[in-house]
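By written order: A, B and C. Residues from 1 in each chain.
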Amino acid sequence: MISRSVSTLLLLAGATLILLPFLWMLSLSLKPQDEIFASTIALFPSRLEWGNYVKAFTETNIPLFLWNGFVVVAGILFFQLLFSIPCAFALAQRNFRLRTVVFGLVLAALLVPFHVTAIPIFLGLAAVNLLDSYAALILPFIPTAFGIFLFRQFFAQMPTELFDAARVDGLSETAVVWRIAFPLALPAATAFAIFSVTAHWNDLFWPLIATTSPEIATPPRGILYFRDQESGDDVGPLMAGAVIITAPLVLAFLFAQRKFLQGLAAGGLKG
Amino acid sequence: MNAIPTLELGDVTRRFGEQTVLDSISLAIPPGSFTSLLGASGCGKSTTLRIMAGLDRPTAGAVRLEGQEVSALTAHERNIAMVFQSYALYPHLTVAQNIALPLTMKSLSAFGRLPLLGTLIPGTAAARKEIQTKVSAAAEMLGLSHLLDRKPGTLSGGQKQRVALGRALVRDPVLFLLDEPLSNLDARLRVQMRAELVALHRRTGKPFVYVTHDQAEAMAMSDQVIVMIKGSIAQAGTPRELYERPTSLAVAEFVGTHAINLITPQQGAGEILSSAARAILGVRPEHVVPAPHGSFIAKLRSVEYLGSEIVLTLCTEQGVELKSIAPGTFEPPLQGDSVRLSFDPTCTHLFHPETGARIGAPECRS
Amino acid sequence: MSFLTRSQRETLTDVWLTGPATLALLIFIFLPIMIVTILSFSDYQFGARDLSWVGWENYITLFTSAIGQRAIVNTLIYVAIVIPFSVVFALLVAIGLHRMLDWAPALSRILRTVYFLPVAATLVAMAVAWQMLLHPNLGLVNKVLSTLGSAPQNWLSDRGLVLYTLAAIGIWQSVGYNMVLFLAGLSAIPEDIYEAAEVDGAGGAWARFWTVTWPMLGPTTLFVLVVTATNAFRVFETVATLTRGGPAFASETLVYALYREGFVYFKAGYASAITVIFFAILLTLTLAQMRLVERRVHYR
C-alpha cells in the first residue's frame, strides 16, 4: 500500500514536470502583458487575455505558417504514398530480376539520416533554381525508404491469390495496386501518415536551410521569425503562436492516441 | 463436331529454375466441356491452370484461346474467370462490390471509375445501372440477394464460395477456371455444391476447367478428365475411359473409389491369370467377387460392412493383400476362413512391370 | 495486339511500379552520399566557381581545431547524459504505469498520455516555451529558485550550464517515447513467468525485477538505447532555437556545426567532412545494434 502511494506520488510529480512547459506556455499565452513581467509567481492569469491569440492570428504571419505547414506536409505525404506504394507492392508480390537489388537499396537507405544528404540536395536545388519554394520543402522527402519498407512488410503478409483474383477480374497491375492493395494497406498507411506528418510538421533543419522568405516558412521556422522580430515585449502573442502551432498535432494525438502510438513507435525502426 | 477448342495448350513447359514443373503439356478444352485436371498435390495441375489464366507464363509452348495465340496477354487482358481455393474475396468491398468489380473494370473507363468525378462522364450512369442489374441477377441465381451489403469477413465458408462463383459468373467470360473450389467446405456442402456447379455449367454453356485432387469429384462432374502425374499428362479421356482402360499403372491406381488390386508376377500373377505371367495384373475390387466355384482361394482378413456393399480384405497364398467387394446381401464367412474368389478375365488390366504402361488386355465391358 | 513479348511487357510493368521510387532513392539519397563524401575532400564553398582538393585537411581541422573538438565533445557529453537519464526514467515510469494498470487503469492511461505529449508536440514551439520557463528574470524556474533562497541561474547563457540545460530538455522530450516502447515490452511478458519466479522464491518487487523483468526486457532495452542514442546524436532543434551553439561554442553540436559551417558560412567542403563523421557514428551505432539483435535472436 505504501509503495503504491509512493510510486503514484512520484509518477504524478514526474508528470507535472513533463507538463510544466505546456502549462507555462498556456499560462503566458493567456496572461496580460503586465502579469507576464510581474515578479510574483502565478500559474493562473488573473484574467484571461484572449487578445494575445487575436494578435497572433491577425497581426502576425501565423495563419500563413499554418497554411504552409499544411501544404508541405500534405504534399510530402501525397508523393510519398504515390511513389512508395507501387514500389512496395512490386517488391512484395511480383518477381523480377532486380528485386533483391532494389530491396537492398531500400534497406541501405533506411540507415541514412536526412542530415547526411542535406548539402548535395541543397546544391542540386540551387542548380535548378528551386530553393526557397514549396518544391524545395517537398521534393527531398519523396523517396521514403521507411515507407517502402513498412508497406512491403504489410503487402508480403497478404495472400497472393487475392491479387491474382484481381488480375483475372480484369485489373491491370496499376489498378491492382490502387484499388486492391492500397485500400487493404490503410492501417499501415495511417501509421505511416502519422509518422510522416509529425516528422515534417515539426522539422526545423531543412526549412531553415532551404528557405529564406518568411512567406513560405513552415510553422517551426515561422515561429522563430516571429520570436526574432519581437524584441521581447510581445511574449503573450509569441506564446499564443507557440500554442497555435503545437495544437494541431497535440489535439490529433489526444483524439487518436492508439494510432499515434502505433505510428510513432513504428517510426523508431527508422535509423 | 470439329469446332476450334476454346483453349489449347501446345507443348507447354514450365520450369522454375532447375526444376521442371510442367513437361511439354498438350491439351484442348472443347467448347462447352467440363474438364477436370486431376492429380496429387505438386503434379503441376495448379500451374497449368495459372498458365491458362495468364497468371503464369510458360517457359516454352503455346497457349491458344479460341484459336488465337495469347501468350503475350496478361491475365487482365484475357476474358477468363477464375475461382480460387481461398475464394480470394476483396475484404474491403461488400459482396455486391466484389461481384461487380470485373464488370466495373470492363465497362467503365478509367475516369468513369473515379468516385464522384466519374458520375460526370457521359454514359457512366447507364453503365452503372446495367452493372447493378447483372449483379442482382447473379446474386439471385446463387441465393445471395440478402447478403449484398455485407463484407466478406462476416460470411460463412459456403457463402464466400457463392460470392466467388458470382464474381466469375457475372462477367460472361469465354472460360471458367476453378482451382479446388470445394476443398475448404465441409463434406455435406461439398456434395451439394458439386451438383450446383454442374447445373451452373449447363446454364452458362461455357467450358469449365476444374482442378482437383479428389478423383470422385472429377469423375462425377466432368466429361473430360486429364490425369496429371509429375508434370506430365498421364491420360486424358472421359471418366469411363479412365476407369475402364487406364493407360498406365499410375492412372489405374489414381482412379476408382477403391484402390485397384495389383499382383506382380513374383506374387503369382501368372497363376491367377495365365496371360499375366510377365505383367502386373490389376483387378478392381468390384470385379473380384466371392463365388462357390471361384478360380482361386484367399484367406479372409477383415470385413467392412457398408450397407449396400461389403468390402472384404483377403490374403492370397503368396501373402498378397486383396480387396473384394461383395453385394450387401453376401454373408461373409468367419475371419481366417478360406474364400473362393472369381473374376471376369475381361475386366483385368495388364501393365508392364518396368514402365507401368498398359499391355493390351481385353477391354472390360461390365 | 502488342508488339512486345509478354516478358518485355512484364518488365515494363516492374519498371513502372518500382522505377520512380528507386530513381528517387538514387537521386535523393545515394547520389548525395557520394557527392558529400567527395566534397569532404575539397575546399568547396557554396556559390564558388571552382574547388581544389585538400585531402584530409577538413577532417584534420574538425578533430584538431578548438571549435571542431567542442562540437564532437559536446555532442558526446550530450548523448552521454541523455541516454542514461532518459532510459532509466522511461523504464521507471513504464514499470510504475504498467503496475498501476492493475488498480487504476484510467489514471495510468492519462499519465501515459501526459508523458508522451512532448513527443507529439512541435519541439521548436516547445523550445520557445522552455526559453520563457528558463528566462533569467521572468522565467518560472528562476522565480522559484529565488523564492527558495538559491541563486538564479543563466540557464541558457552560462557556458558551464548551457549544455546540461539542453540535455535536460532532451531528456524531457524523449522519456515519453522510450516509455511507450518499454510499456510494449512489459505487456509482452507473460504473467505466469512472474508466478513461476515467485514459486522459485523471487517474491519481492526487487527480486522480481532482477530475475524476470530486466532479462525479459533485454531486447527492448537494446532497441531503446540505440533509438535514444541516434536521436540524441541528431540534436539540432533546441540548439538552433535556444542557443545557436553559444555562448562561445559552449553548446555547439555536430549537426548544428554542420548547419552553421555549411549554410551560414557556406563552407561546403568542411561541412561535408562533418557530415561524413556524423554519418559514420550513426552507421556504426545502427549496425552494432543489428549485430547484437541478430545474435540474441540466434541464441534464443
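Everything below uses one rule, namely that a residue touches a chain if its C-beta (ideal position, glycine included) is under 8 Å from a C-beta of that chain, and two chains touch if they have at least 3 such contacts.
Small disclaimer: the values here were computed from a predicted structure and weren't measured.
The most centrally placed chain, judged by C-alpha centroids, is A.
When the interfaces A-B and B-C are ranked by C-beta pairs in contact, the top one is A-B. Spacing of chain A relative to chain C, judged by their CA centroids, is 16 angstrom.
Rounded to a whole number, the gap between the C-alpha centres of chain A and chain B is 55 angstrom. Mean C-alpha positions place chain B and chain C at a centre distance of 60 Å. The set of chain C residues touching two or more other chains comprises 10. Shown for chain A are the residues in touch with two or more other chains, of which there are none. Looking at chain B, one finds that residues 74 touch two or more other chains. Touching chain C in their complex are the following residues of chain A: 3-4, 7-8, 10-12, 14-15, 17-22, 24-25, 28, 36-37, 39-41, 83-84, 86-87, 89-91, 94, 96, 98, 102, 105-106, 108-109, 111-113, 115-124, 126, 139-140, 142-143, 145, 148, 173-174, 177, 198, 201-202, 204-205, 208-209, 219-220, 223-224, 227, 235, 238-239, 241-243, 245-246, 249-250, 252-254, 257, 260-261, 264-265, 268, 271. For chain C in complex with chain B, the residues that touch the partner chain are 1-2, 4-7, 9-10. Listing the residues of chain A that touch chain B in their complex gives 159, 161-162, 164-172, 175, 179-180, 183-184, 186.
Those residues of chain B lying in contact with chain C across their complex are 57, 71-74.
Partner chain A is touched in their complex by these residues of chain B: 50, 53-55, 74-76, 79-82, 84-86, 88-92, 101-102, 105-106, 167, 171, 177.
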